[in-house]
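This structure is in structure tokens; I'll ask about it shortly.
To keep things simple, chains are lettered A, B, C, D, E and F as they appear, and every chain counts its residues starting from 1.
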Amino acid sequence: MRSVVISLGGSIISMEKLNLELMKSVSSTLQKINTYDKYGIVVGGGRLARTYISDLKAYNVNDNILDEIGINATRINALALTTFFDDVNSKIPTTINDAAEMIHNYRYVIMGGTEPGHTTDTVSTLFAERIGAKILINATSVDGVYSEDPRKFKNAKKFDKISYDDAIKISVNNSIGAGTNVFMDITSLTIAKRAGIKIFVINGMDMDEYINILNYERCNGTVIS
Amino acid sequence: MRSVVISLGGSIISMEKLNLELMKSVSSTLQKINTYDKYGIVVGGGRLARTYISDLKAYNVNDNILDEIGINATRINALALTTFFDDVNSKIPTTINDAAEMIHNYRYVIMGGTEPGHTTDTVSTLFAERIGAKILINATSVDGVYSEDPRKFKNAKKFDKISYDDAIKISVNNSIGAGTNVFMDITSLTIAKRAGIKIFVINGMDMDEYINILNYERCNGTVIS
Amino acid sequence: MRSVVISLGGSIISMEKLNLELMKSVSSTLQKINTYDKYGIVVGGGRLARTYISDLKAYNVNDNILDEIGINATRINALALTTFFDDVNSKIPTTINDAAEMIHNYRYVIMGGTEPGHTTDTVSTLFAERIGAKILINATSVDGVYSEDPRKFKNAKKFDKISYDDAIKISVNNSIGAGTNVFMDITSLTIAKRAGIKIFVINGMDMDEYINILNYERCNGTVIS
Amino acid sequence: MRSVVISLGGSIISMEKLNLELMKSVSSTLQKINTYDKYGIVVGGGRLARTYISDLKAYNVNDNILDEIGINATRINALALTTFFDDVNSKIPTTINDAAEMIHNYRYVIMGGTEPGHTTDTVSTLFAERIGAKILINATSVDGVYSEDPRKFKNAKKFDKISYDDAIKISVNNSIGAGTNVFMDITSLTIAKRAGIKIFVINGMDMDEYINILNYERCNGTVIS
Amino acid sequence: MRSVVISLGGSIISMEKLNLELMKSVSSTLQKINTYDKYGIVVGGGRLARTYISDLKAYNVNDNILDEIGINATRINALALTTFFDDVNSKIPTTINDAAEMIHNYRYVIMGGTEPGHTTDTVSTLFAERIGAKILINATSVDGVYSEDPRKFKNAKKFDKISYDDAIKISVNNSIGAGTNVFMDITSLTIAKRAGIKIFVINGMDMDEYINILNYERCNGTVIS
Amino acid sequence: MRSVVISLGGSIISMEKLNLELMKSVSSTLQKINTYDKYGIVVGGGRLARTYISDLKAYNVNDNILDEIGINATRINALALTTFFDDVNSKIPTTINDAAEMIHNYRYVIMGGTEPGHTTDTVSTLFAERIGAKILINATSVDGVYSEDPRKFKNAKKFDKISYDDAIKISVNNSIGAGTNVFMDITSLTIAKRAGIKIFVINGMDMDEYINILNYERCNGTVIS
């Protein structure tokens, strides 16, 4: 039995409003692939979370509580996603520990964030590491890892594959500089590296990508390994 | 030491977006009233919750899970409200039991819903009953209890005061008929009756109403007793 | 796989003492019916709970705490009932959420009340709604729904079937008047209506009733639908 | 600030029915003693618990689950007792850890049993040890420790004081023999010994005993030290 | 399906350092025995726990907190042991209740201590009683029950089998005297007796002992029954 | 009222054995400073944790579970530290949320790690951010931040003060290169920056450092601001 973790980025799960069409597509895509895989799915926050948070920021609210609010929003999104699956958890786990316990009982375990300081990408890699998943699908609104932010630089080059260390370098440079090309944070990449988790950064709206990864371990996005 | 519970209706707490100005006003109003009161505040869901829920309804999602999602939204609103107070809980209690435990340690205890089947009005009366509060402020977008829905009937008459039984009758008639004049649900009114909790239904945007109730136990809305 | 919820009323589960013979009969009846159904069973409080509560009432104890005590009594009854089943939960869930999580792992999930303000009938309908059960057996000491209280009115007429709205009307009239014919509370009936749960109100001591409902969806009591 | 733990035996707290008069007396007695003491109170199960348990025993129910049921009964009794106090916990703690956390916030912390294999006497000594209480009042239906069971042997001699080791010997002899003179179990006595907790075994119906112990550390019962 | 509980004593699980070789051997031994048994495994504290505790004792730390620290150490050992098994819990249960719930979902449930006042031997018998296990393997550093401490008395005689009452007598005499021959505490033996659990006290380093017990219910150590 | 968080590094809290002398010194130093500060103290894992973990690594155990074991070890250390304080929590909180709740009730709240992927330094900054603490004392075995690892480079220069960005750069270079000069991880520094928390990196064995920071906000180590 293989385990796979999917990080469903907030940028695709919730835009103007909750992207229920996408949720439905992901659900039916995963159910079509007739394997015995177990799936951990970590859902991001999206626009609604950001709206709440940016409104509150104007009132000088503590960032840590804003993070908590953001995490609560991811859990609502996670709860919404569960309604498209059978053999799935009813309660949204709030720790990796609880999620690991649940994956024993369900084919799909869906969760959101855990605590301030951890992005949902980091939660995804921690979840993958804990249950021994060697495949992590990072489903985002950009179709892979680029040398520079593709929304800003026309000549940005997309990588087919890239090493953990090179990915970390790009992430670091953008984190500490003024860069905007942060496809995944450093902590999540570091954990993926130590656990040997193959990351597929893909356009999460393209269902063929999921199918190709799950059947053949290849994609049109970027593989980090 | 007196205890007071305030039900901050979703209709005023969250409209186009989270009504942070109102949260700030309520906070500074309560802090201006220099008493030793303890406050339980129960926050509703509002428009954002309803958006999520109505979107999901289109996908035939289980009503019970929609209720859970709505409850999660009220807790996010409650968490946001805590940031405007000192001497307030950091975690949002999920049961009356936990809230009762917390009121011993804080001057303000803020919470949202508890479980499907209970409106936040019901949570408010249960909270009031548990901590022995004899005053419940029901802060809504309508400025009292009317004989008929004032948004539909020009001649609807506002009550200055009304008995529990009459309030229950109006609520029942609207619940089981096609009425839209449901200012509070039957369960919450029944609990208020058995516990002898005086309910002040007021326009929650009007800060003078809070001040008059807390200082003189009177208001321009409707008193149910 | 079909899901069924049974509300075992306090009036039959616990009289002079805990009705263990009934528990045993229900257990062996359900096990005889060789289906793949999953069962949620919600147990009421009964006489022992009422004794405690009425004794405490004489000391002017807060009704909300009396409700808590009553809920604790239902959980003891639930724990007792688990001992007559295999493939059943060991811990009594205290929320619908936890119960829903458990029904994935066990064939029988047995629970009592959840929080003040909710009868065990309401818990039953919430549980049914959450797990998608379309059949609710309301096992009581009266053998159906009557036009009037059959213990008082000789000519009271038993309904074979009745609509949700008519059932709600009878319940309302008795709740707010001096009536004593409250077979189920309004909240539970409202939830059953919105979720389309067929309710069978039966004499819970008659094992044939359970068998007929589970095999043929008919009974000698009253069907609310 | 001194800490005191009281073990309110089931034999006095709950006889034919819950002994609410005793609860009220203990409450007003403790409140009359105008000290700054903190009180841990551990409540036993009593007759109602035993009735349930003996009924279930006839159905060959697992002793461990019977213990759980008994523990649940002690918690209901504890909840009932809280209603006679102010500055007291609202939720009944289920571990010594939780109780220790609560004693920081309340003057009175009331609890029942914790887990199978521990009597409420053992819970009392563990609680006392944890919070550094050096006085344990063991309020029972017998007025002290006797050389033999005073209900059977007319000439049984009551000890004014007795050493831990002698108390343990009497307890052991009765535990492993056919004796019925088990005033406290071995585990509780062993913990009291290692922690140097002075135990006052008294007739729990006699309010003067509580007053004398709390004011002068003496009683008409037996002191184990 | 048969249930078996194993008490892995601290004296063999953790000496100079954590005895991972033993953990590995026990794991592969149990997996070789091709039965459908379910296993509860309770792990002791060992030398590391004792080091922490004896260091803290020098600072007059509360024994109850030392017990808590010891219990935490047993849980770390339990967590370490889980890594040698599949179909095993991810979280270490902290109560018998939780462990009982888990045994439904896993073939192996591994835990440490529960609360101060209960040895891991007592936890083992409580766990066995709760899940109806009739076999308890007590894996220690001594190869059975002796008439006297075999490390001190050359002529100490090992029992092949011994009754519960005789075992309790030996345990009592050593507990209250200066004896050092306490192979199991009185509480654990008392529970084993009431539940009719057959205890096999064996040299836990000898894998053949486990095999013989699980296949033929016999051993070279001592059987208490 | 001022809030201060102290990160007691594993390198000083636990060496050959638990450094109880240091615990005692820190406790009496903090109690001597007669202010109304509230303290959060986060305790690291130290040598004992590392021994367990390195032993298990030899058996190819999942890094995530090793992290869990390390976190459990920090909690044992935290529990040990609580015994040197009054007005301190009894249970070790496992989330920032719980710790924030506790700081309302105690002068000192002591905790260890929270979840895999977060160092105790990160937990310290999250805790500080949540409770609005503007001072974080990072008590380590090195007496400040150096340009290079002072244990390897004789000419390494110690900074008196350094900006957040420069500190992050040093940390990054060492994290992704082969460097060993990682005084604090990137996540913790990033949170300190966004929350404006002044970090004092000091030799944690030198009690004068604590006194100078708490009285005058200066030290002989390095200030990051």
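Heads up, the rule we're going with is that a contact is a pair of C-beta atoms (placed from the backbone, for glycine too) under 8 Å apart; a residue touches a chain by one contact, two chains touch by 3 or more.
Keep in mind the model is a prediction, meaning the values are calculated, not measured.
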Just to be sure I understand the contacts, which chains border both chain E and chain D? C, F
Within the chain touch network, how many edges lie on the shortest path between chain A and chain C? 1
Tell me which chains count as touching both chain C and chain F. A, B, D, E
Write down the chain pair in A-F, A-C or A-E that repeats the interface of D-E; the criterion is over half of the contact pairs matching by residue number. A-F
Pick same or different for copies chain C and chain E, depending on whether their interface residues overlap by over half. different
If you average the CA atoms of chain A and of chain D, how far apart do the two points sit, in angstrom? 54
Inter-chain centre distance, chain E versus chain F - centres from mean C-alpha coordinates, in Å: 37
In whole angstrom, how far does the Cα centroid of chain B sit from the Cα centroid of chain F? 43
Where in chain E do residues touch two or more other chains at once? 62, 65, 68, 97, 105, 130
Topology of the chain contact graph, where touching chains are joined (line, ring, star, complete, other): other
Give every touching pair of chains, nothing left out. A-B, A-C, A-E, A-F, B-C, B-D, B-F, C-D, C-E, D-E, D-F, E-F
Please give the residue numbers of chain C that touch chain E in the complex, ascending. 89-91, 105-106
Which positions of chain C touch chain A when the two form their complex? 97-98, 100-101, 104-105, 130
Which of the residues in chain A come into contact with chain F in the complex? 62-65, 68, 95-97, 114-118, 122, 126, 129-130, 132, 165, 168-169, 172, 175-176, 186-187, 190-191, 194-195
For chain A, which residues count as touching chain B in their complex? 17-18, 20, 24, 48, 51-52, 55-56, 58-59, 61-62, 65, 68-69, 72-73, 75-76, 79-80, 82-84
